[in-house]
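What follows are several structures.
In the two complexes below, subunit A is the common chain; its partner is subunit B in one and subunit C in the other.
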Partner chain A sequence: MKKVHIVLLMSVMTCLLFWTSCKKEEQAVAPPEPGNEFLTTVELVATNANDPADVQTGKWVKLNPDDTSAPDISQAFLNLKKNAVYHVAVSFLDETQTPAEDVTEEIRERQNYHLVCFDIAPGLDLTVHRTDHDTNTPALEVGLEADFTTGDAGSGDLEVTLHHQPNVKNGDCAPGSIDADVNFTININ
Partner chain B sequence: MGVFSQASRNTLTGIVVDKDQHTVVSAYVHLFPDSAVTVTDTGGRFRFTDVPAGVHTLFCDALGYQGISLPLTLAGDRHVTLTLAVAANELEEVVVNSRRPPELHTATVSELKGRSLLQTRGASLGEALKQLPGLNSVQTGPSLSKPVIHGLHSNRVLLVNDGVRQQGQQWGSEHAPEIDPFVANRISVIKGAASVRYGSDAIAGVVLMTPDELPTARGIGGDVYLIGASNGRMGAASASLQGAFGKSLGGLSWRAQGTLKNAGNFRTPGYYLINTGLQEGDFSLALGYKWKGVRLNAYYSQYNNKLGIFSGAESGNLKELLSKFASAVPATPSYFSYKIDRSYQVVNHELVKASASYEPKKGGRLELTFGRQNDLRREYDSDLPYNNNPEILAKPQLSFRLITHTLELVYTQRSRKGFSGSCGLTGYTSGNVFEGIRYLIPNFRDYNGGAFAIERYQLKKVMFEAGLRYDYRWLRVYRRDPVSLQAYHSTFDYNNVTGTVGATYRYNGHFNVSVNTGTAWRAPSINELYINGIHFSDASYQIGDSSLRSERALNTSLSLGYTGARLRMNVDVYYNVLRNYIYETPLANPVTTIGGTFPAFLYTQDNVNIKGLDASLEFDVLKHLTFQSKATLVRGFNETIHDHLIYMPCDRYENGLTYQLPGMAGVQSPYVSVENVSVLKQTRVPPNIDYVPPPGGYSLFHVNAGFVLPVKQHRLDVNLAVNNVANVAYRDYLNHFRYYADEIGRNFTIRLKYSF
Partner chain C sequence: MKQLLKIPFTVLAALVSVSAQAQHFIGVTGGLSIPSGNFTKTDYADSKSGFASGGGNIGVTGTYFLTKHFGINGLVSYQGYGFKGAQDLADGYKEDFEIDSATVLIKGRNYGINVLVGPYYALPVARNFFIDARVLVGITSAHLAGNEVYIEDQSDGTFAQQAASAAAFGLQAGLAARYNLSRHFGIMLHGDYFSSKPNFTVSNTNRANEAGRVLTGYNQPISGINLNLSLVYLF
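Showing the complex of A and B:
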């Protein structure tokens, strides 16, 4: 009698273990979410205030947003004339899509909690003033549009950071978290 | 109930005998709720003095006998006789409110029950266990805590919820145990390698949650807890109702239990931690049927928790982390609110359990346990995707669903001529589905099976124990090629044999010595194999390695204990050698993404050793004044890099005095205690792994007081606590938030427990 009981128990055991795990949902690997916009590119377009024909473009690109490959910084520079003022437009793009998706508009829609910051390397004679404002009360700068004022000739790094500051935007760069943090080389001649 | 005298101190004496009226020597007699314990002398006699009048319970257990309990109401001096029955199938049983002790009898065990468990009510499991010697906690903020045993945590600590192995995404240090501590009335921690009984992951130890047995006496009873805490303005309520039927439904018993918890922003001494609120709602239902030697049980529980993540702790790249660390105060607004915004995590854990056991009259027990767990974890980031589709915006950024089925068949043999033991077959299978805005870990299915046997032999005052187990694990990982979008899978399997050998020597009822050597193993977890991406909360890019092999540990421990009338102490020393210990090693080149530069870490495996000492002491300085002391010291060493092992707990010392006041005005067992917790700075840190130095040491004072109020036939336990009385600002090395903010400040807590 005891042996029958044990065999019965074993079969019940095996059945129970397998019948309820038969759904195999894990085999259906979810494909990448459509409509997810990644940020792959930061673009700076600088137009000389006194010479509209002098347009400089710098581009920082990493097409595979989340892997270990190196970014493409071959075009991440701006050649600016000395002692000039440039109107600069900062754009954020998703170039994993064709045509490239312009995410800047979406950031502009969320301008009340975003801020673009510019960190100038010491020794680089450049000043940056943001010229756009959001609809907070009082209005705060956004940084998608800025004026770059160059001084003497020289070269150095400009760090451009996009800050996400829900409920904490106060004009400072410190609060919130960083969505983008890229470096451009500014050459003033 | 009667009239109580102003300062009614009585003497309770007794004699312990067996069924043949022979006296039982060296029997342990425990008096509750006074937490007093004594041992019977050569005449089988025991005595408790200065016992306040009122409701008490005596528990008695001795080697070779079944434990018994005797409730009594004391209104003067009293003499009782306790009669013990010889144990049919259990040895070395410490039965207080559960039939089953941890099944490894020579392992080092610490327990949380009675008054010390009441003092933790309202806290999470990790926080509650922290006070046991040898334990620490690894935290992510004020409400997210995971237990650390002898320096190790997460999937090196196995959690067993009433006999079912808890399965969730336990690999993450921000993934707290999905268990409501209120389901258990006793929490036991096995410190050391316990794979021989529990299988994979029991490397540092096992946390066993044990509820009370379902009632057998007819009628309805239960507990209601009400807890309020000032820091976080937390309110918690938990109630449990249980009963047994008689007459035609005799043998049927049930329990219904539920917990609700709500807290808002917690406060450090200088500022509020914005968005750290939590909301929790759990319930469980149990049904049992007992007929002759057969017991059938069904159980269902749900755990639902929503936890806010401090807005100031969402770090991006390394530069951001360092600048947040450099600022004395987080750059976040400081105010109180119960509102929880993104970022937050939502965890839902559902357990269905069915068990059947059969105990024939001549002894032994056969038990079959089936469980099904559904664990859903969703993380909602404040960083929404740049999209205007409201459906996409409402989704969580990461979602993990793990469904696990477990089945276990255990046979406990009846003890015969000193031999006892158990053997069994265990198995479980899990299926994981991951969805997210970015890849983190893949889907997988695993099958695990194990067979074990543990045997014990009692020879006079020594008990020998030996065990052996074989485990097999099969893992299939499902992924999609990012370019071709073709789905494919990879398969792995793991084989492991583990064992244990130990002995316990109980000398004259006062001293005991235990020595144990055991092995344990752990298969690499899915994140160690396949993670590939940015771990934002520590500004690192993590890369897994699918060729990692199982970890194997060899743990040796020695435990010495002395229980006397005035002095009770315990010292555990251990030495744990881990081969193929998996951890992250920094890579030379960081990874640059549009979000900045992140140091890169690769999961690798090396040989490490961890040794330490846990000590606890209780000394009755005066009749009503007791001095308590605990120390937890851990030393981890990475043999491969010849340097310290990262993230080992700091040395921790707890010292306190408890004064038992005389009962007055109907109030029983009033006490006041003051405690100091001192944690030293961690100086044993290898270079280049952590970018921020360990915080300084700190010292905190806590005050705790309580009493029991009999209410008609029922009982009200009242507990008041003030933690961090001096409102000290400090940071703890094992709290992930030490990069961003201080720990919480002063906290007043009131706990009421009404038992009926």
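Showing the complex of A and C:
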């Protein structure tokens, strides 16, 4: 009887030892969810640094991002004066909702892994310098605010892209994925 | 009246007779470890959350009696805990990094190794049956599990919270019911409160950007209840 007790007890101890020693890894996946918001509209508002009354607005719109129709580029241009500096604010909207949702603030809240890039067509005498910074260490540019410096008269395309760079943002445009990719025509007169 | 006076003397005589049977002992112990408090929270947004669940413990314990009732007890034990809330971590990182999906892989486990010693009191309540009490203090070497987070949008973005270790003052106190099965063997059923507060320094790798839950330290009590069964050798 005593031996039975002892064997039983030792068996319980052995089971406990195995129980406490095993199951060293656990994995969990947060899967994709449908219904993410759209970025239907990109807006540039350019204010002349030397003439606050000189405000130019350009707007690129594609209300249904899933179809193959062309975007509305009727307002996707900026008329800028030559040899001038413009303070530019970049906005992203979701106009599939009523009222339209301004996604810009959300991007600003998540600025530590977002970057707006500006790709200037060859021949267009324009320099773009981002003026806002995130809270990374060291701080990196964001691009929701920028200075456009114009040179000689001319026209050309400015490609504006919003890059989503979760834990890979390093100041370059290359890492991550692209949330928005639009073109504006810049006219320098 | 004479009969009434006899009662305390009879009880005292009985206690003395059974206490004379008190013997030193050493044995193996094991059972459930049930943590509580912040250590068991699974709130992604709360840096106090420890994501620990119940586990088990196993060890060696022994008592050397200095008198019929008082002795010195020692305990060397391994105390492991499970992990819970990995899904909460994955959901949190997915939301914080605004990504399509996130995978969290827990690396290692939460555990502690205890080396404790302290006073022990044995109260004989019947022949071969004792109620014991102990208060143990000493060192707890604690280990905190780490994790890896895979960002599905960008494989280069994978980052990790490394497992961490720290030593701390450990306390364990409780009661036990002990029954001597024979002259040399006994079994015990313990209920003990345990507590320690290790100050972990946590390192993180490949955290390129300041976003999402980042733990650089963890200094919360690791406390709860141990429910144990012991087999002891009496000598």
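In the analysis below, the second predicted complex is superposed on the first by the 153 of 189 C-alpha atoms of A that agree within 3 Å, B and C clash if a C-alpha of one lies under 4 Å from a C-alpha of the other, contacts with A are read in each partner's own complex, and residues count from 1 in each chain.
Here, a residue touches a chain if its C-beta (ideal position, glycine included) is under 8 Å from a C-beta of that chain, and two chains touch if they have at least 3 such contacts.
The structure presented is a predicted model; accordingly, all values stated were derived computationally and were not measured.
Novice: Per the contact definition in the header, classify A:112: touching subunit B only (first), subunit C only (second), both, or neither.
Specialist: second
Novice: Identify the partner contact of A:39: answer first if only subunit B is touched, second if only subunit C is, both if each is, neither if none is.
Specialist: Once the two structures are laid over each other on A, A:39 reaches subunit B alone.
Novice: Taking the superposition as given, does A:103 touch the first partner, subunit B, the second, subunit C, both, or neither?
Specialist: The first partner, subunit B, only.
Novice: Just to be sure I read the superposition right, which of the two partners does A:135 touch: subunit B = first, subunit C = second, or both, or neither?
Specialist: Second partner only, subunit C.
Novice: Counting only touches as set out at the top, which of subunit B and subunit C does A:175 meet: first, second, both, neither?
Specialist: both
Novice: In the superposed arrangement, does A:68 touch subunit B (first), subunit C (second), both or neither?
Specialist: Once the two structures are laid over each other on A, A:68 reaches subunit B alone.
Novice: For the three-chain arrangement built by superposition, which of subunit B and subunit C touches the greater number of subunit A residues?
Specialist: Touching more of subunit A: B.
Novice: Once the two structures are fitted together, what part of subunit A is touched by subunit B and by subunit C alike?
Specialist: Shared contact residues on subunit A: 9-10, 12-13, 16-17, 20-21, 23-32, 110, 164, 166-168, 175, 177.
Novice: Using the touch definition up top, name the residues of subunit A that touch subunit C in the complex.
Specialist: 2, 5-6, 9-10, 12-13, 16-17, 19-21, 23-32, 110, 112-113, 135-137, 164-170, 175-177
Novice: Can you check the complex and tell me which residues of subunit A touch subunit B?
Specialist: 9-10, 12-13, 16-18, 20-21, 23-33, 35-37, 39-42, 60, 62, 65-68, 70-71, 94, 103, 106-107, 109-110, 161, 164, 166-168, 172, 174-175, 177-182
Novice: Once bound in the complex, which stretches of subunit C touch subunit A?
Specialist: Going by the criterion above, the answer is residues 28, 30-31, 55-58, 78-80, 82-83, 86-87, 89-91, 93-94, 97-109, 111, 151-154, 156-159, 181-182, 185, 187, 206-212, 229, 231.
Novice: Would you tell me which residues of subunit B are touching subunit A in their complex?
Specialist: 311, 314-317, 319-320, 323, 327, 331-333, 341-342, 366, 368, 370, 372, 382-383, 385-389, 392, 401, 403, 405, 407, 409, 425, 427, 429, 431-435, 437-439, 442-445, 478-480, 482, 485, 487, 489, 532-534, 541, 543, 591-597, 600
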